[in-house]
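You will see two complexes here that share subunit A, one where it goes with subunit B and one where it goes with subunit C.
And then the complex of A and B:
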């Protein structure tokens, strides 16, 4: 098991940094995701860890040893590519043997290790197949097996599920996560899909414009986003702005006490997740802000509502479909004060 | 005519013009060549009445003609091999290079095709002749005493053929390499292969379809080349194509010329099939 430490890592192609001095320490056996929109520098960071891109500045340490000047083939990494990159002219067995042959492992051991890894990815019996004879999910598992069979120091995955259909993608999330836990390998996972990052990772690194916006456990990122960009990138969010008076912000959804150092009169932005809001019938006779249902989207387990308050503010709410409200109906909106999260002062 | 029959006839009608053209101007003449190769040699006419195997007998019983087939095949092999060795690196550069000069390189590769083959071959006689540019320069520098034999031999023919056919090797290999996902090489590197090993184990075998196509093209073109061998080989070195034309046009022996042409075609076809068998790619669907 390997600890990976990235220090002040920078990549500049000449038109301003693509990756701008990022630092992150990845613990032994940790599953970390680099999450962000395309062009945020997450893939470049992964390529630098792998050794496909040279770092302009900074250090990448595997167990304390700087590998910045070590070529790809000597870094002892396992990598899974977005399009799997299986060698089409080799059978599954030859694909899996490739990395072991490069390491001059004896033939009998190669056979044993291939059998073991095929069992691990549930593809026993597929050794003689060519990649084109496999489904997308099977190819994905061969790619994973090929990266793991060499028992690398770290596992790097570059959007490995992007080419799979939705159902298979969810299955593979669980599969990869379970496999990573079992093997206990330090893993860096690049994705632009926040659900993927949240469900699989121990910690998520959210990146924007080559910088790290936030590092934290999935629940930190979601419930306590560092800024507006993170809040909006990771799931849906209602943004409420207001002025602090006596540590209280008056919002169209009620008064919210804020903790922390806010001067009186400071402008503040609050984030409110749609599922934190409760909807009640007007007949309930409880406190709440009346709102009109503009539209609703039913997705089976949940319903998304788009509501309009009397002052024209739009609020998005996500609820269980136990009680359904019709479009045009007036409902009561109840947003618990402790579910608002301050995003810092308005810029 | 019923609607069903009309539907079935539709596609046939669409391919009819091309089919008629090919039948009239390719299949029928070919069949005529086959027939001609069995006709009696004529006296003062291109061919005489009746059929015979004598034309083939004459060919296979004369070591001169056998030797010529061997020479022609040899020139074909060497030209193909030289094109492959010279062309592959160029194809790789054109497919994978990052230089901005790539477009220029592509133009240079295609440029020989823009000049007529006769002119190109004449150009080589100017360069390769005893009194040609190369020999005169070398003698002028005092590097050699007499002219090097660059023309009127197989070497000269091969040099000129390589120049003429190089694009036919480079283009299919280039397109094959372009079709190889670069992440395959990256994957090989990540598994511990050096750049060279990644090329040898991944890129090279995957570019085999391009190599195969290029080799077959150049080999077949070399066997049937006429203008270049006749200009550079002169009277001293003759390839089969030159001999066939001699027999048909100069000495008017249509049956014998046809027999030789067929022997050349069949020999070439046998080697192409053998080569295809040798380079069969199991991993392709």
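And then the complex of A and C:
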């Protein structure tokens, strides 16, 4: 197992840095995701770790050894590409054997290791097939097996699920995560899909404009986003602005006490996740802010409401469909004060 | 266009294209002393004359040898150029393409005369085959380039990257991944190069050494003074030879296009 340490990594193609001095330490056996919109530098970062792109500045260390000047083929990485990049003129077996042959592994051992890895990805019996004879999900698993069979130092995945349909994508998330845990390999996973990053990763690196916006466990990123950009990129969010008076922010959804060093009169932005808000029917004796239901979207396990407060503020709420409210109906909105998360001063 | 009409249309086109060849083949079996069609009686007489004609046999050997050398050189340079063109030329892509196709755009006779001046001005001259082969390579290069770049367009660079991530160096990546996948284009291009080189007249005529000649030149020379069916026999043999090259390459090397 390998610890990967990235220090002040920068890539500049000549028109401003695509990756701008990022540093992150990936622990042995950790599953880390690089998450961000397209053009944020996540793929460039992955390519630099793999060696397909030269770093303009900075260091990439595998177990303390700087590999910046080591060519891809000597870096001992396993990589899974977005379109799998299986060799179309080779059977599954030949595809899997390729990396082992490059390492001059004896024939008998190659056979054993291929059998083992095929079992691991549940494709025993598919050795003689050509990639074009496999489904997307199967090709995906062959690509994983090909990357893992060489027992590389680290596993790199570049949006590997982007080409699969929604149901298969969810299955593969679990499959890859379980496999990674079993093998215990240090893994870097690039995605623009926040749900993928959250469900699979030990830690998520959120990137914007070539810089790291936040590094943290999925729950940190979601519940305690570092800034407005992160909050909005990772799931839905209601943004509430207000002024701090005596460590309390008055918002249309009630007063929120804020802890920390906020001066009186400071403008502050609060994030409130839609599922943190409760909706209650208007009955006597129940506390809450009245709001009108503008629209609702039923998606089976959940319902998304769009509400309007008396002062015109729009609030998005997500609830279980146990109690349904009709469009136009007035409801009471209850947002627990401890579910607001301060995002710092108004940008 | 209705289907029966289209079929007839195709047949007529084929007939138009192939009739002259059939006439030549037919005329070669002439028993008489003149090149006529329909042949006057059937015989292999003129084949016998041809095979015993040392001048023609030497010309065929020269042509085959030049075509083989040309194919190898053109195949290597054209393939390298096509790979560069598709994967690395970037903004220069259009310029590279035009430069590679230039020999096709210029009249062959101009290329031939320029080359003749060139080989003498650099002191190479026409005493060796060098000038002639350079000329043949120049003319055949675009055909290799076009065929290989067509194959390269459907080559996914991620295949090379995947091989590299698995530990394959530059040469191994080419030999085990890229070459097998662009093989139909390379072989197709080389076949073109071979057949066209075998057929080139103008360049060979300008750049040949005194005393050596290729088959097309020899045939032309012969027809100036003779009008026997031997010329048809020679032509038929070169048609058969060309077909043999195509069929053998297909069987041995595999022109089968990989479908994904």
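We adopt the following convention: the second predicted complex is superposed on the first by the 346 of 347 C-alpha atoms of A that agree within 3 Å, B and C clash if a C-alpha of one lies under 4 Å from a C-alpha of the other, contacts with A are read in each partner's own complex, and residues count from 1 in each chain.
Definition applied: contacts are C-beta pairs under 8 Å (C-beta built on N, C-alpha and C of every residue); 3 or more make two chains touch, one makes a residue touch a chain.
None of the values given here were measured: they were computed from a predicted structure.
**Q** Evaluate whether subunit B and subunit C can sit on subunit A together after superposition, giving fit or clash.
**A** clash
**Q** After superposition on the shared chain, which partner residues are touched by A:77: those of subunit B (first), subunit C (second), both, or neither?
**A** Both partners, subunit B and subunit C.
**Q** Is A:87 in contact with subunit B, with subunit C, with both, or with neither (first, second, both, neither)?
**A** After superposing on A, A:87 lies in contact with both subunit B and subunit C.
**Q** If we overlay the two complexes on their shared chain A, which of subunit B and subunit C does A:103 touch? Say first, second, both or neither.
**A** both
**Q** So, A:26: does it touch subunit B (first), subunit C (second), both, or neither?
**A** neither
**Q** Going by the contact rule set out at the top, does A:146 touch subunit B (first), subunit C (second), both, or neither?
**A** both
**Q** Which partner does A:118 contact after superposing on A: first (subunit B), second (subunit C), both, neither?
**A** In the superposition, A:118 contacts neither subunit B nor subunit C.
**Q** Just to be sure I read the superposition right, which of the two partners does A:291 touch: subunit B = first, subunit C = second, or both, or neither?
**A** neither
**Q** Going by the contact rule set out at the top, does A:50 touch subunit B (first), subunit C (second), both, or neither?
**A** Both partners, subunit B and subunit C.
**Q** Both subunit B and subunit C contact which residues of subunit A?
**A** Residues 50, 52, 72-74, 76-79, 81-83, 85-89, 98-99, 102-103, 132, 146-147, 150, 156 of subunit A touch both subunit B and subunit C.
**Q** Can you tell me which positions in subunit A touch subunit B when the two form their complex?
**A** Residues in contact with subunit B: 50-52, 71-74, 76-79, 81-83, 85-90, 98-99, 102-103, 130, 132, 146-147, 150, 156.
**Q** Touching residues of subunit B toward subunit A in the complex: what are they?
**A** Going by the criterion above, the answer is residues 181, 183-184, 186-194, 197, 201-202, 205-206, 281-283, 285.
**Q** Can you tell me which positions in subunit C touch subunit A when the two form their complex?
**A** So the residues of subunit C touching subunit A come out as 156, 158-159, 161-169, 172, 176-177, 180-181, 258-260.
**Q** List the residues on subunit A that touch subunit C in their complex, please.
**A** These residues of subunit A touch subunit C: 50, 52, 72-74, 76-79, 81-83, 85-89, 98-99, 102-103, 131-132, 146-147, 150, 156.
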